[in-house]
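First chain A sits with chain B, and in the next complex the same chain sits with chain C.
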Partner chain A sequence: MPSFTLLAQSVLSGIFIGALYGLLGLGLSLTWGMLRQINLAHFALAFLGAYLTFQLTHGAGWDPLATLLVVVPCFFLLGASMHWLFARFAITPFNSLLVTFGLTVIVESLIQWIWTADQRLMDSAYGAVRFKLGALYVPLPELLTLVLAVALSLAAWAGLRYTDLGRAMRAAAEDAPIAAAFGVNERSLSLLLSGISAAFAGVAGLCIALSFTLAPSQIYAWIGVVFAVVMIGGLGNPIGPLVAGIVIGISESLTMALTSPAWAPLVSFSLLIVVLLARAKKI
Partner chain B sequence: MLELDRIQVSYGAAPALWEVSLAIGAGELVCVVGPNGAGKTTLINAIAGLNRVRNGRITMDGRDLTSLAPHCYCDEGIAIVPESRRLFTGMTVLENLELGSYRLAARPGRAQSVERVLNVFPALRERLHAAAGTLSGGQQQMVAIGRALMAKPRLLLLDEPSLGLAPSIVLEMFEVIRDINAGGVAVLLVEQNVAMALEVATRAYVLEEGRIAGEGAPSALLATPHIRRAYLGER
Partner chain C sequence: MKLATRIIAALGAAALSLGLAQAAPSGAPVRIGSTLALTGPLSGTAIIHKIVGEIYVDDLNKRDGLLGRPVEWILKDDQSKPELARTLYEQLITVDKVDLIIGPYATPNIIAAMGVAQRYNRVLIHHTMGIPSLAKYDMQFPAWSVGPNPETTVPNTLFDALAASAKPPKTIAIVTSKFPSVYFMSVGAREVAKKRGLQEVLFLEWEFGNKDFGPIANRVKDAKPDFVFVGAIGLEGNQLLEAMKKIDYVPPMHYYMYPAPGPLAKLPEAQGALAASIFEQHPPFTNNPIAAQFVKEYNARAAKAGLPDNSVETQAAASFSTWQVLEAAVTATKSLDDKVLAAWLKQNQVDTIQGRLRFDRANNYGDDLMRVKQVQNGHWVTVWPKEWAAPGAKLITP
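== the complex of A and B ==
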């Protein structure tokens, strides 16, 4: 039996990795639930963001957080233009999966072409900073990820709930023609939401760059577990991915501490199946 | 105020309205009756911007609306209470009402608008924070009418507001519609409850198989043998 400290440290690192799952799932869940588009390219965007952060920090010597000033607006525009193209060609939900898979491959090649397939690790001022919390270690990059994930999830929740634009998005997601009859311009709101989602991917990219070694093929490593997080959290629910992400993160890291790392993926998908079955029974 | 000039609306290749012309003056309460499938919903949805008009023109005070984007129709002061209500069921009653006042011209004085709706439908006051989908049919109809009133319309479109409601609530709905009209809002009412609709209307149209088959004062229509046979169950 591992020591209490080791278990507590596992729970903590589960929370941190879970926050990143949640942050990656947030934009995916919003566009899937509210625009009926399954954007696989969300992961590629996040890695593009990670490499941009790497470049600006490692190459140009920026502070990692300052890179958001560039990445967020660029990604907003990128996401909005992608959606504009999808709307222009009337892409169906199923086709969106295929098209964004294609985009993912393109972005992967682009990353490989610019930064090669070698592993990259960002040296930043944040990387080495660790706080001590009793017997536990709290690394700054992971803490930053948690703070960003919580802040963005709450901001998305509040925006959808309390602002006119957010309510209009929810109304249009449920019944677009009637929302339009009350003045909701669904098309421009979709552009806005897609832009915001892509910007969230950019922020997730910063977090990936802060804590992980980058390689183009890593894009695919996250898809399975983040999809599970999005499904468990409920499509279109802004808080769901974070909560589900942390639950899965903790379960995974406890499984790793108690058994072996090989069992970790089993945990997330068993959880997914249990949740989906429980939900199916309720209906 | 509102004028339809020979409008034609189709679903795919199948036309649902053929050259329908109709006019509503400011402050009128106009009613459209007709059998199921006649095109009443198609007509009212076209006026709200929900259906594309293929031929003909819709004008409001002379302004052509036909080529406007759907979300611009409400800026002309048109609000709809759609068939089967179509509330945003996942949102609260208050959120549904406030969405009604989404258009910029309706946003100032939102709190007063909500208060006005609650005075018309006091039953909604204690359900304000309930999800709209959890309300009874009658209360949902109140929310649908309230949502439309929140838009501060000049022209209120009502598509079978009495459908599926208990008779006592139907009476109350007609009272409310009359009051709204008395407050200066023009009303276009589509009803299957022909007797009641013709009682409150100032003028009425008969729509059959996508065409206007009659028009006139309710009393004149009620005197027509065809109307009495087809809609009032007389032999």
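== the complex of A and C ==
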């Protein structure tokens, strides 16, 4: 019989990994739901962000959090540029899947060329810090991931809900011609949203670098579960991926604690099938 | 006759490797073909084999080449994909018309190449086949000497080492990746542990590519084993140790099947970690002048290539041994004929930097030359068996 500490620590681990799923899913969900782009390159951008964080921390001695000052604006421009290209060549949603897959392969090769295929592990002062809550341990890198995921998800939600810009984005996503008739500049807003989503990928990259081993091929390890998180959380919903991510994270962790860890990958897809069946009429 | 041939071949190879016999090779090159995972998930380790191959071929050409002819290594990128390896070996034999082939990196790719070698009756000497029972082809020869039953012999060597330590473990937790060659060894270790009377307090499996090691670390901590056998490949061992650190858990004694040796040794939490090895760059291994020269050259080239770990250990040593076996067979038979080479290898032994290899047991495997090494003060040192231990080194227990 597993101990209470084991179960509680597993739930905590699940919350932390789930927060990262949610953070990775946030930008993907927004571009998919509001721009009708299935952006597989989001994962490649997250890893590019992770490698840049690694480089700035190891090579230039920056504090990992300070790397966001460079990564976020750069990725914003990168995301906006990508969207400009997609719009320029009128990429359809289905074709966006193929094009962004191609971009992912290119970014993977670029990462491999610069940092080689060897696995990299970022040592930072944060890595060694952990807090104790009774018998439970709370590592700082994972805590930072949770804080960033919650803060960005709430900020995105509030921005879309309560600001004129956010309302305009939602209106453009709902019906672009009608929104344009009311003076909404859909093109500019799309660029802005793409930029923000890419910046979210950069932040997720920081969290990946803080807690995980980096290898170019790891880009693909996250796609399945994060896609499930986005589908379960609802497309274009900024809070949904976080909630779905935490649910999947806890489920996976408890599966690992109570049965065999080898069963954990089945959890996200089993949940996805259940949710898709339950929502069958809405699809 | 056999002994004489062996000694001549060994002395010849040693003399040549030391550069005692200098003659410029001439004529049409001997073309040796192979693939390596130059890109893809296996490329991090395959780069080691590329560097070793380049060192060996450069060295061969500085000496007399093979049969007095220069050697050209035709290397193709199999992208870590067995199906591509199969196609490329087909291409090497039928289009590039190479004289000889050697194996790619990693078990699945070797099995793919073996199928092609069998179709064309070519000798295949390979360096990293982890599951000997799958090597059914008569003219394949393993240069990584793990014996025909490593799933039994390797754990037995490990448990012998532990039994001889100051604090032999009574309970064991086995946690393992389901990566085929690792899983195969972990299941074997489980059986051996049972037979040797160790009480199993935990057995866990995870899918290769698992990202979250937190729950696994929690379960190991909860099980309170004396000894943790980690069936890990690559950085999985580091990831598990990192996860253990986050919950303030230090395994009393721990073993890693196929770790990324450099990164693991550098991890402070890995102090005392055990692993298997055929070669470490310290005496008595480096008492062999060929090994000492190779270590020097490899250290420099690996540093130049930007590898995070520049030490010669199992992968590099197995790779070097592959070329040594090939050279010894060609030199002794003065032939590039596959059947002649295969016949010679079956009847003779070859001295390599990992020890003397023979190919006369099941599936052409010979002895299990795997030893036990331990991380001590950030470096791997061989600790078992005693005759291969680094000077003054012995297994440290908590």
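Details
Throughout what follows, the second predicted complex is superposed on the first by the 280 of 283 C-alpha atoms of A that agree within 3 Å, B and C clash if a C-alpha of one lies under 4 Å from a C-alpha of the other, contacts with A are read in each partner's own complex, and residues count from 1 in each chain.
Keep in mind that, in the parts below, a residue touches a chain if its C-beta (ideal position, glycine included) is under 8 Å from a C-beta of that chain, and two chains touch if they have at least 3 such contacts.
Please read these numbers as outputs of a predicted model, since none were measured by experiment.
Touch criterion met: A:215 reaches chain C, while chain B stays clear of it.
More residues of chain A are touched by C (comparison of chain B with chain C). Contacts of A:13 after superposition: chain C is touched, whereas chain B is not reached. Legend: residue contacts after superposition of the two complexes on their common chain; A:261 is shown touching chain C, with no touch to chain B.
When the two structures are aligned on the shared chain, A:102 is found in touch with neither chain B nor chain C.
Once the two complexes are overlaid on the shared chain, A:252 sits against chain C while remaining clear of chain B.
Once the two complexes are laid over each other on the shared chain, residue contacts for A:117 go to chain C alone; chain B is not touched.
Of the two partner chains placed around the shared chain by superposition, neither chain B nor chain C is touched by A:73. Interface residues of chain A, counted against chain B in their complex, comprise 164, 167-168, 170-171, 174-175, 177-186. Across the interface of their complex, chain A is touched by residues 39-41, 43-44, 47, 178, 204-207, 209-212, 214-216, 218-219, 221-222, 234-235, 238-239, 242, 245-248, 260, 263, 306-308 of chain C. In the complex of the two chains, the chain A residues touching chain C come out as 2-3, 5-6, 9-10, 13-14, 16-17, 109, 112, 116-121, 127-128, 130, 137, 139, 142, 212-213, 215, 217, 221-222, 252-253, 256-257, 260-262, 264-265.
Chain B makes touch with chain A in their complex at residues 48-50, 69-75, 79-80, 82, 86, 88-91, 95, 98-100, 102-104, 107, 147, 151.
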